[in-house]
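Single-structure report; data block below.
Letters are used for the chains, namely A, B, C and D, taken in the order the chains are written, and counting of residues starts over at 1 for each.
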Amino acid sequence: MTDATIPPPAAGPALLAAIQAVNASAKFNRWAGFEVLSASPGDVELQMPWREEAGQYSGFLHAGLIGALIDTACGFAASTLAGRVLASHFSVNCLRPAVGQRFVARARVVKAGRTQMFTSAELFAEEEPGAARKLVATGDAILVPVAAQ
Amino acid sequence: MTDATIPPPAAGPALLAAIQAVNASAKFNRWAGFEVLSASPGDVELQMPWREEAGQYSGFLHAGLIGALIDTACGFAASTLAGRVLASHFSVNCLRPAVGQRFVARARVVKAGRTQMFTSAELFAEEEPGAARKLVATGDAILVPVAAQ
Amino acid sequence: MTDATIPPPAAGPALLAAIQAVNASAKFNRWAGFEVLSASPGDVELQMPWREEAGQYSGFLHAGLIGALIDTACGFAASTLAGRVLASHFSVNCLRPAVGQRFVARARVVKAGRTQMFTSAELFAEEEPGAARKLVATGDAILVPVAAQ
Amino acid sequence: MTDATIPPPAAGPALLAAIQAVNASAKFNRWAGFEVLSASPGDVELQMPWREEAGQYSGFLHAGLIGALIDTACGFAASTLAGRVLASHFSVNCLRPAVGQRFVARARVVKAGRTQMFTSAELFAEEEPGAARKLVATGDAILVPVAAQ
């Protein structure tokens, strides 16, 4: 993402494309297979397919990746309103073993401030394609707009 | 890690070897290059070399990996006292851009309870081999011994 | 609250009365004027009128009382399902200056586990009686059922 | 505290007096009996004597007051470096039942940024005057300098 694209387009396909471009520019996101499913002002949905290298010692999704999905979705939700942001704090509640073929994080902006963006996310697991989603984790993040630093 | 290795040996080289065996059994840890440098009852040091695929969009260490290092080090610190554990909550403060050739997380058990282990960690970055370490993140985690679930 | 009242009645007026009795038994809650407005399985609403002694140096509601309202509402929400609980962790996001004549915290159980109850809350301020509520803080808490300790 | 006193004096008795003046200006702090024991740049020690009205339903120190002590001590530690600040986030780990005649919170600044101050605190209980202090809670807080808002 170049600074020229910030602040991001207000909504619509251009906003989704802008967030997808940021996602594609992050090498970790590409390795992990993160994909931005939807983006509207203050809301983002991000998915990741299961892969073997994402497992902890029991074969569940590693808590680090649970955190990465939550932090990334929260950052993207903030970006829809504030352009470039950096995470300053995030926290994660691991509610159930994260087991599935696909994981979907939904994040939203709770409060958009000039120096801090407060966001919240839920992470769902789908055991099989099309199966009911199960809530496996929740979390929240504080993001600082780069312009405010 | 098989259940036979739990609870871990009380201390010494066998404890370090037991924690290293857990680390080697987690595929994400192997992908990320996590390496257990030291382990004593209640304390663990974990390192990760920089790699391109660990970057976020600006090329800093991805907040997800900052969280993974902190969560993993905290989990291992808890394991030195309680054997198998699962993370139930963790939080991360990103103090500075995490830039370096090597990252080292130091975690310690703050309070070992029967149903909850409270732990705390610091993450340092080394810009070059042998350079002074810089504190880039702090965090803490609550782990639940599997035996208590 | 005596142990005889635990687990609490499943629902209805008896559940509300049971939670109100716990509230009345806590001296700090009485001093602060906490009042349980509603209680159903997994959900609780708690209010506090403004009082001068609740202010920080600028005259806003003190962050400690913001935390107390969130933690208490979360604990009561957990109690509707698990009886006596103790807080092990809570976190608070202060979104806006908490100014008002009345503060209302709404809490719900996100996941009820045997050893840990995960809960979440929102805190609203009403500037005047009947005025629109404004979201001033969010937070979450982990409670441990006393029976599981 | 008037704006004229900010930024606070660099150190010494004048710094302690400045923080004590802020403490005295907050009505909740006066009600709770908070007393600033020491203040140096980046470090503060705050105490509170036990009082009946500070109890939760079991008679332990209410989690809200645990949070208030941690948040307040963190805010004062930030104030020693940044003058007026507002809490934007704080979290608390309740390690043990907080029982004692006196509670002492020690807070320090972990990272002083222009828009965010990261702080950390420990809360100790003394069962009797002169008895050994017991660590009952830990926590951290993010404060925003009012000048940066």
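Quick note on the criterion: contacts are C-beta pairs under 8 Å (C-beta built on N, C-alpha and C of every residue); 3 or more make two chains touch, one makes a residue touch a chain.
Remember, it's a predicted structure, so these values are computed and weren't measured experimentally.
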Chain at maximum distance from subunit A, centres defined as averaged CA atoms: D
Report the inter-centroid distance (CA atoms only) between subunit A and subunit C in whole Å. 29
Here the gap between subunit A and subunit B, centre to centre from mean Cα coordinates and rounded to Å, is 23
Multi-chain touching residues of subunit C, meaning two or more other chains, are 88-89, 91, 93, 142
Among line, ring, star, complete and other, which one matches the pattern of chain touches? complete
If you look only at subunit A, which of its residues touch subunit D in the complex? 88-89, 91, 114-116, 142, 144, 148-149
Residues of subunit A touching subunit B in their complex? 1, 22, 25-32, 52-57, 62-65, 67-69, 71-72, 75, 86-94, 97
Could you list, by residue number, the parts of subunit D that touch subunit B in their complex? 91, 93, 95-96, 110-111, 113, 118, 120, 135, 138, 140, 142
